[in-house]
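Please see the structure below; I have some questions.
Should a chain be cited, it is by its letter among A, B, C, D, E and F, assigned in written order, with residues numbered from 1 in that chain.
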Amino acid sequence: MKPTFPIRASVFRKEHFNAAHRLYNPTWSMEENDRVFGKCNNPSFHGHNYELIVQLTGEVDPDTGYVYDAKKLSDLIKENVLRRFDHKNLNLDCPEFKELNPTAEHIAFVVYSLLRPLIHERLDLKIRLYETERNFVEYPGN
Amino acid sequence: MKPTFPIRASVFRKEHFNAAHRLYNPTWSMEENDRVFGKCNNPSFHGHNYELIVQLTGEVDPDTGYVYDAKKLSDLIKENVLRRFDHKNLNLDCPEFKELNPTAEHIAFVVYSLLRPLIHERLDLKIRLYETERNFVEYPGN
Amino acid sequence: MKPTFPIRASVFRKEHFNAAHRLYNPTWSMEENDRVFGKCNNPSFHGHNYELIVQLTGEVDPDTGYVYDAKKLSDLIKENVLRRFDHKNLNLDCPEFKELNPTAEHIAFVVYSLLRPLIHERLDLKIRLYETERNFVEYPGN
Amino acid sequence: MKPTFPIRASVFRKEHFNAAHRLYNPTWSMEENDRVFGKCNNPSFHGHNYELIVQLTGEVDPDTGYVYDAKKLSDLIKENVLRRFDHKNLNLDCPEFKELNPTAEHIAFVVYSLLRPLIHERLDLKIRLYETERNFVEYPGN
Amino acid sequence: MKPTFPIRASVFRKEHFNAAHRLYNPTWSMEENDRVFGKCNNPSFHGHNYELIVQLTGEVDPDTGYVYDAKKLSDLIKENVLRRFDHKNLNLDCPEFKELNPTAEHIAFVVYSLLRPLIHERLDLKIRLYETERNFVEYPGN
Amino acid sequence: MKPTFPIRASVFRKEHFNAAHRLYNPTWSMEENDRVFGKCNNPSFHGHNYELIVQLTGEVDPDTGYVYDAKKLSDLIKENVLRRFDHKNLNLDCPEFKELNPTAEHIAFVVYSLLRPLIHERLDLKIRLYETERNFVEYPGN
């Protein structure tokens, strides 16, 4: 049952990291930040176990049967995302969020921006990020 | 790493409710209903822990970093969906199913119809509903 | 690395069933039942996806390497528990709960009572029952 | 709240099977296979608990409220996929992989090819396959 | 199938909270703290989604069928544990950890100590705490 | 809220490995093996994603707040269990099962036997092993 044509499929790799963060807009008053971000505006920070899913879509290489080697994808995420964010304070330790509120939407955008230049343009890239089991986001690039 | 353009992303919120239901078509005979719906046609009802995922897609607000505040989305679902269906008998207690067989497909359609008028039209809405861990449906609107 | 002595271990099998139920005490007033059981006292019933874990503890048979064959344990649970309760209304359809309020504690007790006579007394039996992912009980026999 | 138009939705069914496999390309040297497939090229095989999700998308039948009966979908998958692959060695026991490296991408392609002729063309078919909780693929047909 | 004797069972309630923390021993040098606690000694803090399971063991009340009302147990945990720790920095915001390194073991001990006086002594109390899906602890009291 | 006495707690670490295996008793006929082990007696092997949970119980070190460092426990399991069994054929590649049928019970016994000498005797050791999400075993030592 060998395909006689290029197969287009997606491969997904799930990784996780733990980080502290605080949500606030420095151009707003503390009252306005409390009203909008509630408990997430705690100045002492809180934190999450983030679950990250990276999806690559493209043609399956007929020699390997892979869209992209899952081991290599895992290493790429570890080297370029986890090394930056795992066991870190996103607001204090990570220059990527110096001017960017570390909401799940923005973290997904940053992860996309970090990985996009490292993956061949013939592959589509999509990011899913779980802040908790019940709150998550998806960023498919623009 | 600040975006210089509007980011388009999805935010998801997961909620759950427990309900009893029975699947049958009142215009059919009991035999026909048994043939089509099997054990789900039990006249005494059975039930499920429904897991509901509401997805909103649109532009990230650059002031907040949110597509939609997950806390507000949770409250919206609780007020408009869970208050109606949680710990209820969908067939007996819920007027939404008086003329509609409460299959997972139809429940997803009803949830969509309840939430759609409450969410700005610039946001796309999609509903995923788990009847069990192994049976689930998705309704993206028509 | 062959054991030179009898090994004592536990084997667990997870099964699930879907059922409707109502919690109430028939010797109490409706007001008292509402006060104690809240939404669970809905006279039209509500329902759950119950996850059931049956644990057997005893010596590993050196000829098979099994405490108990997981396939046989699955069949035993299906025949004696799931056939009774799956897609049923516990209050209306199940004589086991005619005089017993179908709380998770009582369902676990009934499952234990149904299985105990069918399993050799050299094996200990313990029941874990999930009513939801966040509410569950355990009954190890008395 | 009855729809006055055909509703288009997706129904998903999750099944699982356990299998052994080995990844390698018979036209390559052992060294090249080790370099590309690493531990997955173990000539004695290794194995996985595969989780398979089959998605059908189409119009909801207004008489039943189903896109497709989940019980029938489960039976179809068991008869045509699980009977072939469950508790098997994909490389040795399954003719579908005689000339096809059993990567997750290729297994998803084979599952799609087995099911597509059995499902009415008015329904779209998509396959998601988990090799582990952290590695998975999706094949939506070409 | 009514029990003719008191049934002894356990009821479990799962709750979650998100918090930031840092692991270190103030009587040690930074080098010693780094050697022992590694990335967890980040002075800017990191964080987790903690999953907390509270187990109560005792006799089932024959009038209610409950060891303890799961709704009341949930409220007790929310009022006495989550209100203290959710969206907080355990080191900076929580007096309970002023002199206690907030390891999972110590958090479980603190949760036990907070709840024990509020639960009748005829019920045994046990705490399970997940720091991540792969790291967790249990404290059954001493 | 500092404990004034030694706290006794458990720490758990979850790891996973993928392996192929076959269940059979070499002193029996093929028919007898088929009768007892069914599909698990496939001579070409099948496989699983094994999830392994190692539990250590003992006193919390007041200087660190640890029963045992989770990172060290993870490394110990990787070095002594995963390196032996991950991506292996338990029957063909692993001398531990040369004379031992690789049932979940026996694998748990072997894991216990490998780890016991490496962990101080003041700590109790217990092994839980998931062969699938629905079949698992526990071995607490003898």
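Simple rule for what comes next: a residue touches a chain if its C-beta (ideal position, glycine included) is under 8 Å from a C-beta of that chain, and two chains touch if they have at least 3 such contacts.
This structure is a prediction, so every number in the text was calculated from the model and none was measured.
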{"item": "Set of chains whose contacts include both chain C and chain A", "value": "B, E"}
{"item": "Maximum centroid distance from chain C, chain identifier (CA atoms)", "value": "A"}
{"item": "Identified repeat of the A-D interface (over half of residue pairs identical), from E-F, A-E or B-C", "value": "E-F"}
{"item": "Relative to chain D, chain with the most remote C-alpha centre", "value": "E"}
{"item": "Inter-centroid spacing, chain E versus chain D (mean Cα positions, whole Å)", "value": "41"}
{"item": "Chain centre separation (chain B, chain E; CA means) in Å", "value": "33"}
{"item": "Centre-of-Cα separation between chain F and chain D, whole angstrom", "value": "30"}
{"item": "Residue numbers of chain C (touch at least two other chains)", "value": "133"}
{"item": "Chain pairs in mutual contact under the definition given at the outset", "value": "A-B, A-D, A-E, B-C, B-D, C-E, C-F, D-F, E-F"}
{"item": "Sites on chain B touched by chain D in the complex", "value": "23, 25, 36-38, 95-97, 99-106, 108-110, 113, 131, 133-140, 142"}
{"item": "Residues of chain D touching chain F in the complex", "value": "16, 18-21, 39-40, 42, 44-49, 86-89, 92-93, 132-133"}
{"item": "Parts of chain A lying in touch with chain D, wherever the complex brings them together", "value": "1-3, 5-15, 60, 63-67, 69-71, 74"}
